[in-house]
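Note that chain A is present in both complexes that follow, paired respectively with chain B and with chain C.
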Partner chain A sequence: MISGMRMRGLMRKEFLQIWRDPSSIAIAFVLPVLLLFIFGYGVSLDAKHVPIALVVEQQDAATASFTGAFRKLDYFAPLPFANMRDAEEAMREGEVEAILHLKSDFGRTIFQPGGAPAQLIVNGVNANTARLISGYATGVWATWLQQYAALNARSFNVPVMVQSRVWFNSELKSRNYLVPGLIAVIMTLIGALLTALVVSREWERGTMESLMATPVSMSEILLGKIIPYFLLGTGGMLLSVAMAVWLFGVPLHGSFFLLFGVASLFLLVALGMGLLISTVAKNQFVASQIALVVTFLPAFLLSGFIFEIASMPQVVQFITHIIPARYFVALLHTLFMAGNIWSVIVPNTLALAIMALFFMGLVWRISRKRLD
Partner chain B sequence: MGSLRRILALMGKEFLALLKDNKGRFVLIGPPIIQLMVFGYAASFDLNHVPYAIYNEDGGAASRALVARFEGAPAFDVATILHHDSEIKSLIDDKQVLLVVHIGQQFSRDLALGQSAQLQLIVDGRNSNTALIILGYARSIVLGFNESQLLAAGATGLPVHIQTRAWFNPNLQSRWFLIPGIAGLITLVVTMMVISLSVAREREQGTFDQLMVTPLRPFEILLGKALPGFIIGGLEGTLVILVAVFWFEIPLLGSLVTLYTGLALFLLSAIGIGLMISSMAVTQQQGFLGAFLFIVPAILLSGFATPIENMPEVLQYITLVDPMRYLMVILRGVFLEGTSFTMLIPQFWPLAIIGVVTLSFAAWLFRHRMY
Partner chain C sequence: MTEIIVAEPVAVFTGVGKSFVAGKRRVEALRGVSARLRAGCVTGLIGPDGAGKTTLMRLLAGLLKPDAGEIHVLGQDVIGEPLRVQQSLGYMPQRFGLYEDLSVQENLDLYADLQCVAHAARPERYAELMHMTGLAPFTHRLAGQLSGGMKQKLGLACALVRSPKLLLLDEPTAGVDPVSRRELWEIVYRQVEQAGMSVLFSTAYLDEAERCDDLLLLHQGQLLGQGKPAEFSSRMQGRIFNVSNGSESRRRLQQQLVQQESVLDALIQGEAVRLVMHEGRSPQGEVWAKGLKIEQAAPRFEDAFVAMLGGVGAIAPEAVHAAATVTAKNGPVIEVADLSRNFGEFQAVKSIGFHVERGEVFGLLGANGAGKSTTFRMLCGLLPASSGSLTVAGMNLRDAPASARSRIGYMSQRFSLYGTLSVLENLRFFSSVYGLSGKGRRARIDWAFERFDLHDIADTASDDLSLGYKQRLAMAAALLHEPDILFLDEPTSGVDPLARREFWQRINLLAEQGVTVLVTTHFMEEAEYCDRLVIMAEGSILASGTPQAIKQTAAATGEKVATMEDAFIALIQREAA
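Coming up: the complex of A and B.
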């Protein structure tokens, strides 16, 4: 039997505990806002104005036209260097990310069969940036070729011209996929990590046993934990969505109510995991470590939030199927950027629903056993 | 040497508190190794087996030659062949393909007439980084095709070629970049967790006041608390470096002396921050959450996954007080570039300053924050 009076008492106790502990408030409100700001304004995978060294051994009309193309687009911030030695030194010290080297015969060979070579040396330490830089350089080159072909129509035509269309995120802003994905991380933080800690503290301090000695039933204790943290998590979610849409201008093409629904479902999964961890660990240090490793870090690294799941090795891809955040991140990306695409929404929501039932059911079962 | 004996006694007690039960021992060894293995494989910006589709309305020889180039590219998976316009939308919507290559009806005819033919690439932009890389791959395939078309037509070929070479990481494997970073990340997490709970645990249980009335002086308490974290952090760091070198085969070009100087200075600053948080916390939960509140921004602003140069200027200044920022430069420099000791001195001294300042403040907090 669930009594309204006892439930109110338990929930009041839980809210007071959250409210009076500055660290829970920090995790529930300060960290999400901090994360949203870092991801919304700070962290970006897009490289703009990449410093690049230009080494032109002999200046002429051809090199001027070619390097001019690099100056025109805002991908690069070219810095002229007199010779390769200086340029290489600058790259070692990290002043430039790449070197474009045009040899002295560039102007001559440009009219010969085979054409003139332009050497591009990129710093490969950050492979992703290096790949983007070389992609940008290819793009600049292709643009230049088309202009050059138009000016020198006598010699050749560019056979195939590429028209690219990017769907859902036409400006290719990394913020548009990082910020929605972050909502999954924030809700994991509140739902799983904070809950795991708070409940394991009750076990560690023995207040859980005191609770059991009172007339409250196990269902009431669990509901008394779930409802306050569910509300806290919902608050975090609403805050994140509001900041994403109004502050960072991330488009929300899908329905807000659908988003709210799947977010609540994910929150139930996260709470289930948090409660399960705390019930099994019963010790704050161990609970914190487990919660970190099985909830927070996977939500960050294995969910598709930053790293593409499709390019992980098969075994790791298989593991991602048991990470709830994976389904939620897919839903968030689609709902924000693409809209209500049912063929994405239905299977992912179903996966979340199964997981919510599984974790909540398991918590219920284990907690019951503790009473006898 | 009474001082040394007292410090050793406190260290012994600290190790006992950490290692006395099985669960405690396990969480120091198990999770870090699992993290390094799973995340070492998961964390990658490289794309292979990109699912894509080809919609060839033309069917002429030239279009087939272009399709063959896409099919031969190692980055792309087996193509889905489309027969109708309407198939494109659902394939991209469902994320079944990330790229659709659309060859129009005029393609072969335009080429045969010596005119420019159009090729349409449709990309799923939901992950902008992936989209950019896919576009880069597709463009370079088309450029290769153009070159061979021109040569076959007896023209001079393209007037300029770009030959790209990558230094330090010739195959552009992002794993080389990310794994040294993950090693640093794991070292940070374990050290902070151990340290941030050390004082907080005693405060919660009330034994810290007892410690204060023993003959131990504050700096002895500081050393007794800091050294176990230093030893555990150093061993943890060594463990993950060994896995990085021998399991993931990341080249270690620089010297171990440089690497360990950097690691030691980093541990000093991490321990200083951890002890500071721990001394301010009243309960273990506060210690843990405080550490967490530091760790997450510290990792994000360190340049671990996203370059610091891409951040706004204000944020770039904030990263100057982030010890992880310096560790990332040291680890990547020593591993991949073989950077010398002297070239890394600009990374070493900020770590030393952060360490000294935070440790002194922590010692001050021992006395001045009493409950």
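Coming up: the complex of A and C.
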């Protein structure tokens, strides 16, 4: 039986402790804001002002127009080089990330069958940037070709023309998918890490023992932890959404209430994991280590928050299915950037619901009001 | 005294057994314990560390499930219906169990909520509890900022917030200063007398046993006996004697007496040595008793306890100890003047001064938090002093070279052994740390095995040792390099009375060999074993001198002073006045 008086007492105690303990404040408020700033402003997976060497063997109208197209865009910072040897040297020294080489017959052969060759050499050390540069360069090339042809009222002898369009994140800003994904990380932090820490602290300091000797029931003890940290986690989520939308200008195409609903579900999963960890590890150090390895790192690395799951090795892809954050990140990306796509929302929400039931059920099953 | 007839015992356990798995071992915490707790009185749960006291308390509180047997508390089956029992139970675990980041008032509110105390009834109850515990001026202070004694009183207040029928107190007086200890006892007795509460009070202080109405004596998980304190001590009638001689030192006399086969136990007390004789023996008519002044004394519970456990064997003095070759230069070995240490705003040690002579056993006596350990760490060079001067064997250990440090041995409060290493490996490690090698090292390790009787446990991991053995091993490790100054920080904390007696025998032998021993303790009776001591409270020295001189100083306050504890309390009260 749950008594209102006892629940109020337990929850008031919990909030006072959160408020007075600097480490709770740090995990619940400081760390989320810090992460949001780092990922909102600092980390960018976009290519912007990438230094690129231009080697033009024969200057003419066509090459001038073509290099002009590169100069116009934010993506590149073109630097002219007199010959290939200098450009290659610059690439070796890391001054430029790519070389665009236009042969002397570029202007002459451009309207001939077979077209004009343009060589692009990309520094492949950072595979991600390399892929972006070659993608952008191809895009610039295709756009320029069309415009140049229209301008000269000529047509090219190209069999297939790729017309690419970017959907959902049309500006291709990495921030737009990093910041929503971060909400999963922040909620894991509050739900699992902080909860595991505070419960194991009660074991460590012996307060759990005196709590258990009172007529409080185990359900009351568990609810007395779940409710405060659920509220705290919701606070963290609202803060993140607010910062995402108003500070970083991330569009929220889907329904806010839907977002709130799935976030609450994920929070229950995280809380369940946190409580489970603290029933196994009864001191703070072990609890924090387990929470970091089992909840935080997977939410960071295996959830699709930064690294695309589809491009992971098969085995790792398989493992991601047991990472709750994976389903939540998919929901976040969809709700923020694509909208209410039910075919994505339904299965992922279902997965979260099953996990929430599983972890909470397990916690209730194995938590006994006893010390042995 | 009128005997109150109580029909129902407040708790009954029959054939209770409980074991735990600790590492690879299975520890039998309780074996077949059957007893009844009388209602409306204070039952003492007495036993050394590891006897099973805490396990018994937790079983009564419904926090553990026994492997065997039945437990009924207040007529209810604890195993089946723990919540019902917990409604009429007050329990105070060994470690306060307070929320240190909540204030005194917030802690009280929490426990009142958990016990569902009606809001209307609270103001009166709070006022009563705060008045009783003397915490009224501190209701807004965080529990973490209270002194050890005040924390215990707050813990007690929280356990009493709903006036339970049965109050379980697990070593509430451990490490608490004598004044607070007395106050705690007064509060407990007031509950029994005014509210008719039943109390189970566990303690490792044997002198506290005398304050209880009824006693349960636990040892190694078994119930050795139950009865009133007087019933235990009356069995020892006629076997207790105070022996003294004018000339010889008390220490030497005690050493001689403890070797006699008719003597079960010999303890230094005041100017005399207190003897517990084997059954049917008396010092009268013994050869060694010639020329000694012998008086019969009243038995105490402690005598019965030691006798029931079989007493301590005597340790033979060593023929030659290398440390004895230290040339007996006179003059102080340790000198401390105007020494202070601050931690931020908090002044842990307030300009203290004392000196220690060669071959002396010098005590630093005080409750937890009196500044003993801080003083100690400064002396050992582990902590810089904020101001003042200190020299140990003519140097300040803080900037002394390693060679100078090798002249001191240090045994820390937690024994600082490597838990996963065996006894032999620990000794090997510590001998190499002290720069011993080859034949010399082997000889010292052999010496340690011989002297401290460690042969049987050579391959046991030190984590698996009993506290008494850990203490022996730690002392052996501290003596491997034959230091001529030995620092012992709370060496007997938590160790059972028998192991403590053995330990002090070793210290006495070392002192006889010329080793200077500096020891801290919060056991007031251990002060009697020191040649000289200082009493510390809140960072200051209240008194210094021989135990006798300190008692005289304390007696000058007009209080009746029989024991060191009386002296301590009298001095504290004089300081407060």
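Quick notes
In the analysis below, the second predicted complex is superposed on the first by the 293 of 372 C-alpha atoms of A that agree within 3 Å, B and C clash if a C-alpha of one lies under 4 Å from a C-alpha of the other, contacts with A are read in each partner's own complex, and residues count from 1 in each chain.
Quick note on the criterion: a residue touches a chain if its C-beta (ideal position, glycine included) is under 8 Å from a C-beta of that chain, and two chains touch if they have at least 3 such contacts.
Model, not experiment: these values are computed from the prediction.
In the overlay built on the shared chain, the residue A:A263 is in contact with neither chain B nor chain C. In the superposition on chain A, A:L223 makes contact with neither chain B nor chain C. Contacts of A:D21 after superposition on the shared chain: both chain B and chain C are touched.
Of the two partner chains placed by superposition, A:V96 touches none, neither chain B nor chain C. When the shared chain is aligned, chain C comes close enough to touch A:S210, but chain B does not. Within the superposed three-chain model, A:A192 lies out of touch with both chain B and chain C [touch as defined at top].
Touch counts on chain A: comparing chain C and chain B, the chain ahead is B.
Applying the stated contact rule after C-alpha superposition, one finds that A:Q289 touches chain B and leaves chain C untouched. Of the two partner chains, chain C is the only one that A:R8 touches; chain B does not reach it.
The residues of chain A shared by its contacts with chain B and with chain C are 21. Those residues of chain C that touch chain A in the complex are listed here as 20, 58, 61-65, 82-84, 86-87, 89, 91-102, 106, 109-116, 142, 155, 158-159, 168.
The part of chain B that touches chain A in the complex is made up of residues 23-24, 27, 31, 34-35, 38-39, 41-51, 66, 90, 92-95, 98, 111, 114-133, 135-136, 138-140, 142-143, 145-146, 149-150, 155-170, 172-177, 189, 193, 197, 281, 283-286, 288-290, 292-293, 296-297, 300-301, 305-307, 309-312, 315, 332, 336-337.
For chain A in complex with chain C, the residues that touch the partner chain are 3, 5-6, 8-10, 12-13, 16-17, 20-21, 205-207, 209-217, 369-372.
The touching residues of chain A, when paired with chain B in their complex, are 21-24, 26-27, 30-31, 34-35, 38-39, 41-48, 66, 91-92, 97, 110-132, 134-139, 141-142, 144-145, 148-149, 155-170, 172-174, 176-177, 193-194, 197-198, 201, 281, 283-286, 288-290, 292-293, 297, 301-302, 304, 306-308, 310-313, 315-316, 319-320, 330, 333-334, 337-338, 341, 343-344.
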